[in-house]
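Right after this note come the structures.
Each of the two complexes below includes subunit A, the first together with subunit B, the second together with subunit C.
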Partner chain A sequence: MLAYIGRRISIALLILFGSTYLTYQLAAYSGDPLAGIRESQDPKKEQIMAELTKFYQLDVPPPARYFLWLQKALGFATGTPDFGTSAIMRLPVIDQIAEAIPVTIRLVTAATILAIVLGITFGVLSAIRQYSRLDYSLTFLSFLLYSLPIFWVAVMLKEYMAIQFNLFLVDPKINLVANGITSALLAVVLAGFVSGTRRRVLITLVSSFAIFMSLFYVLSLTNWFRTPGLGIWGVAFLGLATSVGLTHVFAGLHNRKALYAGIASVAVGVAVYQPFGTIVNETGNFGILMLMGALMLSVSYFVGYFFSKIDKGPIIRSSMLSAFFVALFTVADRAMQAWPEYYRLSDGKPVQVDGSYNIAMKSNDFWVNNLDIVTHLILPTTALTLISFAGYLRYSRASVLEVLGMDYIRTARAKGVPEREVILRHALRNSMIPLTTLIAFDIAGIVGGAIITERVFSWKGMGSLANDAIVSQDLNLLMGTFSITAFLAVMATLAADLIYTALDPRIRIRK
Partner chain B sequence: MKNNLMKGLALVSASVLGVTGISLAPANASASNKTVIVQESNALSGLNTAVNGKNLLTNSNVLSPTGSGFYYYNNKAQLVRNTAFGTYKITQNSCTATATAPKATLDAQFGCFKVTYTIKKGLKYSDGTLITAQDLLLSHAISSSDYSIKAGLGDPASDDGSKFDSAGYGGAYDDHTRAGSFDLSDDNFSVTVSYDAFMPDWAIFGPGPGAVHALVGLAKGKKVLGTTRVNASYKSLFEDAYFGAMATLPASTDPDYADELEARNDARKLMTAMAGKWSTAWNITTVDSTTNPLLLVANGPFMLESCTSSACTLKKNPYASLSGSPKVTGNLEKLIFKFTSGTLDDTAVAQAIKAGTVDMYSGAATSAFWSIASTAPGVTTNKGVVLTYEHLDLRSGDSIFPMGSPASPYTITIGGETINCDAPYNGPFKGNTQRAKDLRKAYMLVVPRQTIANTYVGKVFDPSFTGTSPTLDSLLSVTSEGDYAKVVAGSSAYVADFKKDQATRVAMALALVKKYYPSAAAGSNSITVRHLTSSRPMRVDNAGVITTEAAKAGIKVEHSVRSRWSAELDCNYFDSAEFAWVKTSLSQTGSNANYESDGSNNSAGWNDPTLDSLFSQFEKEQTATSLITTKINAEKQLWSNYYSLPMFQWPGAAAWNSDIKNVLPNPLAPEVTWNPWALSY
Partner chain C sequence: MKNDSKKSKKNSQVAVASEVGFEEVKTQGLSQSQIIRRKFFSHKPAVAGLIFMILFTIFVYSAAGIHLGSDDAKITIHGWWQFSHEDILDPGPCADGCPSSVHPMGQLPNGRDYFAQVTRGSEISLMVMVVIGLLGGVIGTVVGAVSGFFGGIIDAIMMRITDFIITVPSILIGAVIGYRMGNLGVLYLAIFLGLFSWTGLTRLVRGEFLSLREREFVDAARVAGASNTRIIFKHILPNSIGVIIVSTTLLLSSSILVETGLSFLGFGVQAPDVSLGVLINTHQGEFLYAPWLFWWPGVIIVLIALSINFIGDGLRDAFDPRQKKQIKRKEFLAKSSTRDAVNKS
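Moving on, here comes the complex of A and B:
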């Protein structure tokens, strides 16, 4: 195993050397960093050109210049790796990267996780209902989303989810026609998930239409969009609904223990609703939230444990998932209470189209500041998720379908394993193995950034850093961002291979 | 196709909106907060723009509202004397030789040209310290190589450079001043600057104030603002060190020698410490409450409050009315400069303006930007120009800047053929014979200037544009300059041929080619022109239309797109090149480097004694009228020898929140914030 890792790492180093060398040469020969200044009529042009030539070491041919760079980057001379200074900003490359990585991680992590969770969920759904209405709709949707260019999606999202939505918030009243159209659309989507007789679908369609319509009517009447909130009853209702739904999927409603455990966790969550509010109102910070979340989860673990006698797994799972969601709704409810204040401070422009935070807003309120971060994240995250979600959906659908055709699935069914168990235990777990590589790559790719998304949403992450470096022929900066991204990509392949062997006992590393 | 699709989608979305009853109200309804957010491209890279490598446009734009000086450029590109800060005038003007005379002649007449700058009494920095002429001395220390050498700070031209890591060394000011060029008046409110020749652009060489008390404080390791008394003593310390560091010592046998040497060493020690701080202390990109307040001392209507990689916030300077800024009439509380990454996305900026998260932006115009910004409710837009113009240069001889050396000539490969760029030029345009001129004229005639201008100016603002956009008809003035119309009127007879319609010009071109190649006809390829461009789509497209039109006149154009095009402007292989000139200032001698036979921008081998003598006139004192005459004469010579064809000036666009008053977009930087004192809600 160690020998294998050692061999893989030495190959990775060779790949890194080759790719950095090639990138350096391609970048160095692709343009002239002095082109901009050559077009200038600056009276001190000659001095500037001389200074830049010295700075870029343009008197050294690129193949040799690469080794000068490599020598510094590996820290041969000084002992500490030095990626040099960027040409445009004249700041240490490593500082710029250190500043960009957290921004990028904030932007891409949420989108990647969402895309993975949603993609796999809908992929599995699509596969187990192969050739159903739902499958066709999801297939159509995934191809549609996959083919959308992100810069166009971004423009549309900014126009309709930010500019027009902010205008709507000026007087958030939904008229009957708009309500009807929106509710009908949502009802059709919901009915799409329902399988069975035409009658059942029709009932779902009509009833959900009625529910949505009255919901929007009430929201509009109570000015909910300007003063949102769930309240203790809202949290309780949503918590219960989620708990029942999750139990239905993961344990089955016939498993009464699981159902009760879930409901009990929701009850615990509702019980701490008021104390939670008091605590976070005094000291709102991430530490407290994390602590309380952990507390809630451990309590729910014991609740599940208490309810179960045999087959603890599904019961504890149901209890903890319920607790997680009820906690999520409680936090969301608290955040919503800060909305009117955030709305005022953001000058009536709560959903922002650019940047990672509101530069003109000053607030000491934990919730207001986080609402600001969230409202800046919404558009780019939606754009990124919409597009990468499609890939996961297709991959997981194909993978699940392949596994469902396997002999051991037929065996499981033949020996009387309930269909839920067949899907969740036998099919789903095995079908996730091929997705490991994809997920490992995407997670490594997080740090590489999303060049186009970062640019159109004016986020200053790794992607825009790389873009700036390319545009301005800033080799030190380019090599800095590239080296880190390349290193992570190479490590991700290695990690994926190692995870593979852990997940699939049939795969063994050859000595 | 794509456009139609977009239109279709927009229509569908619009109708959905109509149905859902969401109304379109003005976006920027609220203007209560008195904050203006200006969009910049790059992020801030440092607070001292005079340090080498830190002279980014963003840095100077952000810092411009924090300073005032003797002059500024208004939105008509006129130099305006800022009498709120002080006055300046020529106090001696008796030079006989011009600035281009030999060094010894200039040395002999040093002091024949003097300008005196007087600061208005009672002006104060943001920390309450009086602004005096001592604050002007620093600008000489960071711009005069002679001073740097004589004060023991090092030769800026050497490898070690000066202790002041300044981008100010070199250039005309440095060449024509000496270490002792600055004389301080007894009352400390005036300096007189001595030159060794008449300086045509003397007005823009004026010294700017630098808060030297803050610099001394930094050199002494202070981290808080000093008291008025301490600051006054720091100013004297600086003054003493400034003059003491370049003191000439008596002979070593002199009894005072040891004392004077010690005094000079002390002065140099302080100057060196200050130079160190000057070169590094301001190279910060984060400003917050922990930043040393000495770094933030300002004398403009605004001062820095905070900076991050996303934005810099400027607040009102408590001493704004005494800062030397023109009378503050605006009511802004905060001025925020918002940074995107280096490459600005035009659609994103336009949407940000529409969404109200950006209040002001100015830059090169693109149709994506214009189509969104010009239709956004509550947004005012302005069609303008930037100081960049597209033109075509025609080679007449060898570049005076060989690309390689005789031992290793610079070679390029085109179409599998290895070409020595330094080989003497032997193309159709060589020399100034009638034949060369005729062929150059023929080639210039076929260029469809009008069509190109329509595409890259008119259609930027309106894709269905069918009118005629202005072409640029002068090589010396751009349209933003006040004298453009007069210069063009004066040389119009020489430009007339190039303003005829395309068919006429092609026919004229063919006739000219026929003079030397009687068999020339459309497609005859009688002469070959090797044309160089970058890969910029506009230039590639233009090369295409030029090739088509040239073929009709019997001229074959061989077009090369080169990644190193800018260096290869010096390659003698190419007969013509299309690129842009970017004006960074509007000075009397600004075009000399382009057209003089030894000019540093003359890559096309133009060598014309008549032109040289005409351009030498720009080195002399000119009145507004005589300057126009000189320009017209130079234009005539340029146009009648067919060296260069100006095409069009790049369009610019500005957009701002309509609630902000007194926004007057300026083609010169800082484009929309040049008058921060007047911006108001």
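Moving on, here comes the complex of A and C:
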């Protein structure tokens, strides 16, 4: 095994060497870095050109200059990796990259997680209801999303999700017609998930329409969109509903112990609602939030653990999921309380179109500052999620369908395993193995940045660095961003192969 | 039962019922290509996509005309549309350039006719898409076939080369080539993009060849004395044509997004050429007061990519022998109830 990994790593290094060499040559021969100065009218033109030539060693031909670059980048000269100085910013490339990586990670993490979770959920649903109305709608949706150019979606999102929504927030009253249309659309979507007789679908359609109508009416009447909040009862109700729903999916409502464990976790969450508020009001920071979240999850683990002596798995799962969502609602509720203050400071433009944060935001409040970050994230996250959601949906659907046709699924059904267990324990676990490859590549791609998304929403991440480097012929900057992306891509291939062998015992490494 | 006999009347003859009491159905044989064609044409979205692509291509090329060659030696066949994308015209009946009878898609602020721009842009985007798809398809198939068939050291080397190409992000290569050597013309951009976009297809074809070469019919051919070339072209390739065609279609639909994305960033197609991505990039700022400039190219990109994806889906269904024609729930229930009735009687 070790020998195999060693061999793979040495091949990976060779590949990296080859691809960086190729890129260096392509970039170096594709244009003249001194073109801008050559055409200028500066009297000291010759002198500047000579200086630049010396500084960037332009007198050395590119095939050889690459090795000078490599020697510095590997840190042979100074002991630390040195990617040189960028020509546009006159800053060390490595500092610029160190600044850009966190921005990019913040941009893409939420979108990637959302796309994976939603894509797999809907993919599995689509597969187990193959050829149903839901399956056809999801298939069409995924094809449509596959075909959307992200820059086009982004411009539309800017208009309809930011500018129009901000205008709506000036006087957030929903008139009856808009309410009717929105509720009808939501009701149709919801009814699409219901299977069974026409009567059942119709009941869902009508009742959910009525519920949405009255909900929006009340929200509009109480000016909720300007002063949002859930309150302790809202948190309790939403927590309970999620808990029951999740138990229904993952354990079945007949599993009373799982149901009660979930409800108990929700009760714990509601009980700490008040103390939580007091603690975060005094010291609001991420450490406290993380600590309280971990505490909540461990408490719910023990709640699930002590609820039953046998078959603890589903019960613990149910109680921990409930606890997670109650905690999420509590935090969301606290963040919503900071909304009016944030709205005041954002000059009536709460959903932001450009950049990763508002420089002009003057607030010491933890919640207001984070709301600022979240509102900047909304648009790019939506765009990126929409685009990569489709891929996960297609892959997981195909994978689940393939596994459902296997003999061991038939065996499981034949020996009387309930359908829920067949899907959760036999089908789902096995069908997720091929997806690890996709996820590994996606995570490696994260740092490479989403060039187009960063450009449209003016984020200054890795993608925008690569963009600037190409536009201004900045060889060092280009090579810096590129080698990191390539390194991660190579490592992802290796990681994907290793994870695959670990998960799937049928695949063995050739000795 | 009713359904069955209806179907069988079409392409088979119902033979005389035998003494045992059930019908003996004699079906005429269908060749593989007939089965595939029939399956494909029963996939409605795919047929719609195919029809759209054919009509759209004819429409665009006949409207904008055909422009070949570089600036020095230009071959131009004018299309039926009265304006060219480079004509600078006087403002039409609508002062702010909105769509009118003379300019059905509106006019640019500098007087150019937008219909001519969009058709010319679609022409270029389609051309780039086809070149990338064909190049990527051919290289991917050859590399995948060779490395899957021969295995061993050849496979190892080929796959490492593939890994090497994967690490070179096509968007970066396209940017360097398209932006810096943009004056070479659109065709070169398409060729370079094609040279770097075959990796995904290679992996699929290699996998297919790896599993097919272990099959009995390959052994049989080898025992009969067939050469490697013959085995590859006559025995394995026809069996893996499904995978190849399907992934080439998907490559086509992704390459139109790559081209428009690059052009949107300003690295792909360069002025004075236009492409759908260039048009969106130029006019995204005018979304508020001239939305038609933004909507047309976007809708066309979506329609092209969507149709090709549907064609790919239809082809996948048609080529996949495991994919049986779906049984509708009602038909299934009807069938099982008649079966029950027969059993009881």
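The working rule: the second predicted complex is superposed on the first by the 491 of 511 C-alpha atoms of A that agree within 3 Å, B and C clash if a C-alpha of one lies under 4 Å from a C-alpha of the other, contacts with A are read in each partner's own complex, and residues count from 1 in each chain.
Throughout what follows, a residue touches a chain if its C-beta (ideal position, glycine included) is under 8 Å from a C-beta of that chain, and two chains touch if they have at least 3 such contacts.
Keep in mind it's a predicted model, so treat the numbers as computed, not measured.
**Q** Give one word, clash or fit, describing how subunit B and subunit C relate on subunit A after superposing.
**A** They clash: once the shared chain is superposed, the two partners overlap in space.
**Q** Quick check for you: in the superposed arrangement, does A:L328 touch first (subunit B), second (subunit C), both or neither?
**A** neither
**Q** Would you sort A:L190 into first (subunit B), second (subunit C), both or neither based on which partner it touches?
**A** Touch partners of A:L190: none, neither subunit B nor subunit C.
**Q** Pick one for A:L503: touches subunit B only (first), subunit C only (second), both, or neither.
**A** In the superposition, A:L503 contacts neither subunit B nor subunit C.
**Q** Give one of first, second, both or neither to describe whether A:I409 is in contact with subunit B, with subunit C, with both, or with none.
**A** Once the two structures are laid over each other on A, A:I409 reaches no partner at all.
**Q** For A:V471, using the defined touch cut-off, is the partner it touches subunit B, subunit C, both, or neither? Pick first, second, both or neither.
**A** both
**Q** First (subunit B), second (subunit C), both or neither: which does A:Q352 touch?
**A** So A:Q352 only meets subunit B here.
**Q** Look at the residues of subunit A and decide whether subunit B or subunit C touches more of them.
**A** After superposition, B is the partner touching more of subunit A.
**Q** With the two complexes superposed on chain A, say which partner A:Q47 touches: subunit B (first), subunit C (second), both, or neither.
**A** First partner only.
**Q** Mind working out whether A:I11 is in touch with subunit B, subunit C, both or neither, as first, second, both or neither?
**A** second
**Q** Identify the partner contact of A:I232: answer first if only subunit B is touched, second if only subunit C is, both if each is, neither if none is.
**A** Neither: A:I232 stays clear of subunit B and subunit C.
**Q** Quick one: which of 20-28, 56-64 or 290-298 on subunit C sits on top of subunit B after the fit?
**A** That would be 290-298, the one stretch with clashes.
**Q** Show me the subunit A residues, by the header's touch rule, that subunit B contacts in one structure and subunit C contacts in the other.
**A** In subunit A, residues 30-31, 151, 155, 159, 455, 467, 471 are touched by subunit B and also by subunit C.
**Q** Contact residues on subunit C for subunit A in the complex?
**A** 160, 163-164, 166-169, 171-173, 175-177, 179-181, 253, 257, 260-261, 264-267, 277, 280-281, 284, 287-288, 294, 298, 301-302, 304-306, 309-310, 313, 326, 328
**Q** Contact residues on subunit B for subunit A in the complex?
**A** 9, 13, 17, 19-25, 27, 29-30, 32-33, 35, 37, 42-43, 45-46, 52-54, 56, 167, 169-172, 283, 285, 308-311, 313, 334, 336, 338-343, 345, 347-348, 351-352, 354-358, 388, 534, 563-567, 569, 579-585, 587, 589-591, 593-594, 600-601
**Q** Once bound in the complex, which stretches of subunit A touch subunit C?
**A** 11-12, 14-16, 18-19, 22-23, 26-27, 30-31, 131, 143-144, 146-152, 155, 159, 448, 451-452, 455, 466-467, 470-471, 482, 485-486, 489-490, 493
**Q** Within the complex, which stretch of subunit A touches subunit B?
**A** Touching subunit B from subunit A are residues 29-32, 34-35, 38-48, 51, 55, 87-91, 99, 151, 154-156, 158-160, 162-164, 166-168, 170, 175, 177-178, 181-182, 347-349, 352-360, 454-458, 460, 464-465, 467-468, 471-472.
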